[in-house]
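There are structures below to look over.
In the two complexes that follow, chain A is the common piece, with chain B as its partner first and chain C second.
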Partner chain A sequence: MAIIEVNGLSKSYRVYQKPEGLLASFRGLFHRTYRDVRAVREIDLEVRQGEFVAFLGPNGAGKTTTLKLLSGVINPTSGSARVMGHVPWRRENAYRRRFALVMGQKNQLWWDLPAIESFRLHQRIYGVEPAAFHRNCDELTELLDIRPLLHQPVRELSLGERMKMELTAALLHAPDVLFLDEPTIGLDVVAQHQIQTFFRHYQEQRRITILLTSHYMKDVAALCRRVVIIARGRIQYDGSLAGIIDRFSGSKIVTFQFAEGQSAGDLSAYGEIVELREPKARLRIARNEVPRALAKVLASHAVADVSVEDPPLEEVIADLFTQVNGRPAEPDRGDAVGEPMDEVGGVVP
Partner chain B sequence: MIARVRVWWTILRIALEDRLVYRGDFALGTLMRFLPIITQIFLWSAIFDALDRGPAGPSRIVGYQFEDMVAYYLLTMLARAFSSMPGLASGIALQIRNGEIKRFLVQPVDLLGFLLLTRVAHKLAYYSVAVGPFALVFFLCRGYFVHGWPDASTIGLFALSLVLSFLLGFFLEACIGLMGFWLLEVGSLLFIYMLLSFFLSGHMFPLDMLPHPWRELVDLLPLKYLAYFPAAVFLDKLGSDEIARGVVVQCVWLAVFIVASRIAFRRGIRRYSAFGG
Partner chain C sequence: MESPRRYLGILGAFARNSLMRDMAFRADFLIECASSVSWALMNVGLYAIIFRHTRMIGHDTGWGRDEFFVFMATTWFVHAIVQALFMPNAEEFSELIRTGNLDFALLKPIDTQFLVSFRKVDWSALSNLLSAGLLLAISLRGLARREPNPLTFDPVTLFLYPFYVMCGVAILYSVMIALASTSIWLGRNQTLYDFWFYITNFSRYPMEIYQRGWGRPLGAFFTFIVPVLVVVNVPARLLAQPLVPRASWEWPLAGFTVVATTGSLAASRWVFQRALASYRSASS
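Up next is the complex of A and B:
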């Protein structure tokens, strides 16, 4: 049974357009021009209970907007969504007690107090029974290895420790659905790894439904079987991680290790040369050309070793984003909600 | 219901703890409250001195002699300690601007209730520290209360008017803060409010000094309940029917601002959800 059902969901923002300059600023006091930015466009999605789904996409693609719609922070322009039978933007308490939203850069703990105090408040707000509270709190702080830090003011914790506290706070009421927006942003490799391990373990045990957005392919590869790629507000792909390569990568990386004394010669006829350091050569060869190219090179050269690999996933996805966007993926800009992706009745930038 | 009271109690307790973290800032803030009143007392002392030297002898200004004036300022200071809400409106506007307000959309907790409880905690923390200095100042100035201390029922009414002034001050400033949904920045609005409040709440001078049409006008506004009204009750300036009418008007204004803040929050959230988030 689907726990999340989304049909034709769209969200447009109105964005104030301010031309450059002081004069324009004064003009803006009296007359403002706005532009509609369509952040999410007619998305259909179905998530079953217990799935761990990753949202991938360039900044401003509509990932965060989708999570905000599903957690009821914003209302849609059109379309419908149901999460556990509730319409999220009605914000009924019965729904709000059953999910949690964690945003990597937002802090909901009391800054000057030990985290345990914020946990107590969450316990009351969500009406968690004392026994369940202690059980959950113990389990979470044990798994995340933060038990000794519970009585230390939050402001004195490191970024990674604070994120773990945020996660604990978000999970104290044992939500059935969890929305994670860039949970590992800005964390070091160790903390990232710990949090990944935690999610894997926790999700396996509890079979809760998780929607994750992340820029780190490692997060996604480690955690999610299902990947949804969003770009320009639309779903471009919905399937397994491995399927992305099959579907979007038309080439393979072939590495030849030539025998001693054998020169590589001119290999460019077979494909694009990625790296040539004799006696080793790496070539990118169109997938349907691979058997023929292999046969020819093996016939004409003395080859000691050969390997055929898929191109790295990051590369495939970056290419995909570039294709879809019509421009290279931009550097990280954080919570890019209303980044102009498309206009209604305007000029495409 | 019990669960709800538990939530309230926890919010109150945690906010109180939070308030007590920065001891130095807190103590300094408490003491600084006494400074403005000293300048007021000097000013009125000079005014009365000048008048006293005149031919008419010891003088009164609209029924106030110097001692009454000092007592009045001490009492408005006490009332302001209940009705002023430092950082409330600007804090709400900031939460709207930086998106922290989301928390109250995602979690099953009411923004206004949460803010009210944290504000009660602020005030309790403040009073627990300020009670010493306040008691000392009132003790040192006991000579200025020339009519002696009022009877128990007046003290009771005084306490009621203080509690109502706290609630009125809270919901009034909450409304200003919630305008942040439309304006984003409420600094100027808050400044206008502070300015009006300074003159029309009785903070600057006793409101019964105002001439004819202004006095009646000010009587209808909510601001006088933030400072003047409690002080006038204590000093026995009002007849029992005036007090009764005052309490009713204060309650009406309180109801108006409670409803207004609810509407502003609901509409603001609708706007926020539609345009921003």
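Up next is the complex of A and C:
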């Protein structure tokens, strides 16, 4: 059963373009030029209950905007969406009691008070029964290992500890859907790992639906079976993590370990040389060329060992993002980074 | 329909958290209380000096020293409540919009205007309530000995005075939240304090001072368009009874104040909702 249904959802913004210099600032008092930013463009998406979906994309791709649309923080320009049967931007309390949004770069706890005071406020706002509050609070603080810090002012916590407190606050009302916007940003590897472990455990136990945006492939690889890649406001891929490599990587990494005394010679005819430290050589070879190249090298060299691997996921995704960002704008729809518009919305000649 | 009890409970939690936060910075809290009370005392001193030179504001207006001090105490009541409950929140509202932190308010299963308006309480501003209470008690004692027409208290007045004080608070709150909401369209709005100062300046004196020359259109504007003149004038006039018998326009003005309060609240709600529909958050 689809718990999140999105059809043709779009969001555009007008952004003021301030030219350089004082004179331009004076001119800007009377006439301004705007750019139309199409942050999200007609996306379609369906997420079933209990799925853990990663939203990947370069900066400015539209990931966070999509999460904000689905959580009702902003209104769409066009299209429709339903989450658990609710239209998010109607901001019905019945909906807002059933989901949570965690933003790694924003803080909702009272800065000068211990986190427990913010938790109690959340209890009142969400109308959580005392027994459920204590049960959830105990479970979450135990899992995240933050119980001894509950009575320490938030401003005195480390970034990782603060994020754990933010997560606890967001989950106290036991939401059915959780939107996570870069929850591990800026954290050290230990804190990242702890939070990944927590999410995996919590999601397995509760079977809640989670949409995660992250730039850390480790988060994604550890948690999500399904990956949605969004770039320039459009969904470019929706499938498994392994499928990304199949679809977007046209090459394999082939490593040859040559026999003692065997020189590698000139291997550039077979593919791009990634690394050459004799007696070892790593080559990037086009997928369809791998059998032919392997046969030729094995025939002409004494080879002690050979391995064929997919390129690292980060590399594939980075290539994909670069390709998408480098693609020219679609003239009929306007660029994701926009066309200049004057104050009344017409295109500047 | 959301339960008023639930909202009261949340308001209590906001007040509790704010008090704990204020108490965490003891020195700052005490200095703020002391400066508020000192400012109040200096004001009383200044007007006490002025009333050594004149018996009344204007001719036959009835605003003598004790009557004016009732007016002043009423101003403090209204301002102390507005500054304690709404000023820090209205100021922060602009910042929430600019930084995109309003997102969190929109996620909560509670009326967003309520959340934005009551989130923080400035307890130190409430110290002026004590000053106001003291000044009111002293001036009423003086008015009870007034010759002629000593002040008598009736239960209706004792009920109406706090009611109209709350009407005044509601009118000022409406102006403030509507103004703060415009930050969503403007991106930044630093005129809040300035505007507050201009508005409260007009409401700080008995409305009789606007009865001559160009004061008439000004008085009409700040009574019927932006009704800040009724904020203090109506409750203070009810209690101090500067004119005996009462002026014929006093009760109609009191009736108008109820209409103005309802209208102001409805208009500010409309502006807030419209502004919220245009909210675009900030990139993270």
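Note that in this section the second predicted complex is superposed on the first by the 326 of 349 C-alpha atoms of A that agree within 3 Å, B and C clash if a C-alpha of one lies under 4 Å from a C-alpha of the other, contacts with A are read in each partner's own complex, and residues count from 1 in each chain.
One rule holds in what follows: a residue touches a chain if its C-beta (ideal position, glycine included) is under 8 Å from a C-beta of that chain, and two chains touch if they have at least 3 such contacts.
Keep in mind it's a predicted model, so treat the numbers as computed, not measured.
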Chain C versus chain B on the shared chain A, clash or fit after superposition: clash
Touched partner set for A:117, first chain B, second chain C, both or neither: both
Touching partner for A:106 - first (chain B), second (chain C), both, neither: both
Contacts of A:127 with chain B and chain C, given as first, second, both or neither: both
Which of chain B and chain C A:96 touches, first, second, both or neither: both
Partner chain in contact with A:72 - chain B first, chain C second, else both or neither: both
Partner chain(s) touched by A:13 [first = chain B, second = chain C, both, neither]: both
Partner chain(s) touched by A:181 [first = chain B, second = chain C, both, neither]: second
Footprint overlap on chain A, comparing chain B with chain C: 13, 68, 71-75, 91, 93, 96-97, 100-101, 106, 108, 110, 112-113, 117-118, 120-121, 124-127, 153
Chain A contact footprint on chain C (complex, rising order): 2, 6, 9-10, 13-14, 17, 20-21, 24-25, 100-101, 103-104, 106-110, 112, 115, 277, 279-281, 283-284
Complex contacts: residues of chain B adjacent to chain A: 3, 6-7, 10-11, 14, 17-18, 21-22, 99-100, 102-103, 105-109, 270, 272-277
Residue numbers on chain A that touch chain C, as the complex places them: 13, 60, 64, 68, 71-75, 91, 93-94, 96-97, 100-101, 103-106, 108, 110, 112-113, 117-118, 120-121, 124-127, 153, 181-182
Residues of chain A defined as touching chain B within the complex: 13-14, 65, 68, 71-75, 89, 91, 93, 96-97, 100-101, 106, 108, 110, 112-113, 117-118, 120-121, 123-127, 153, 335, 337
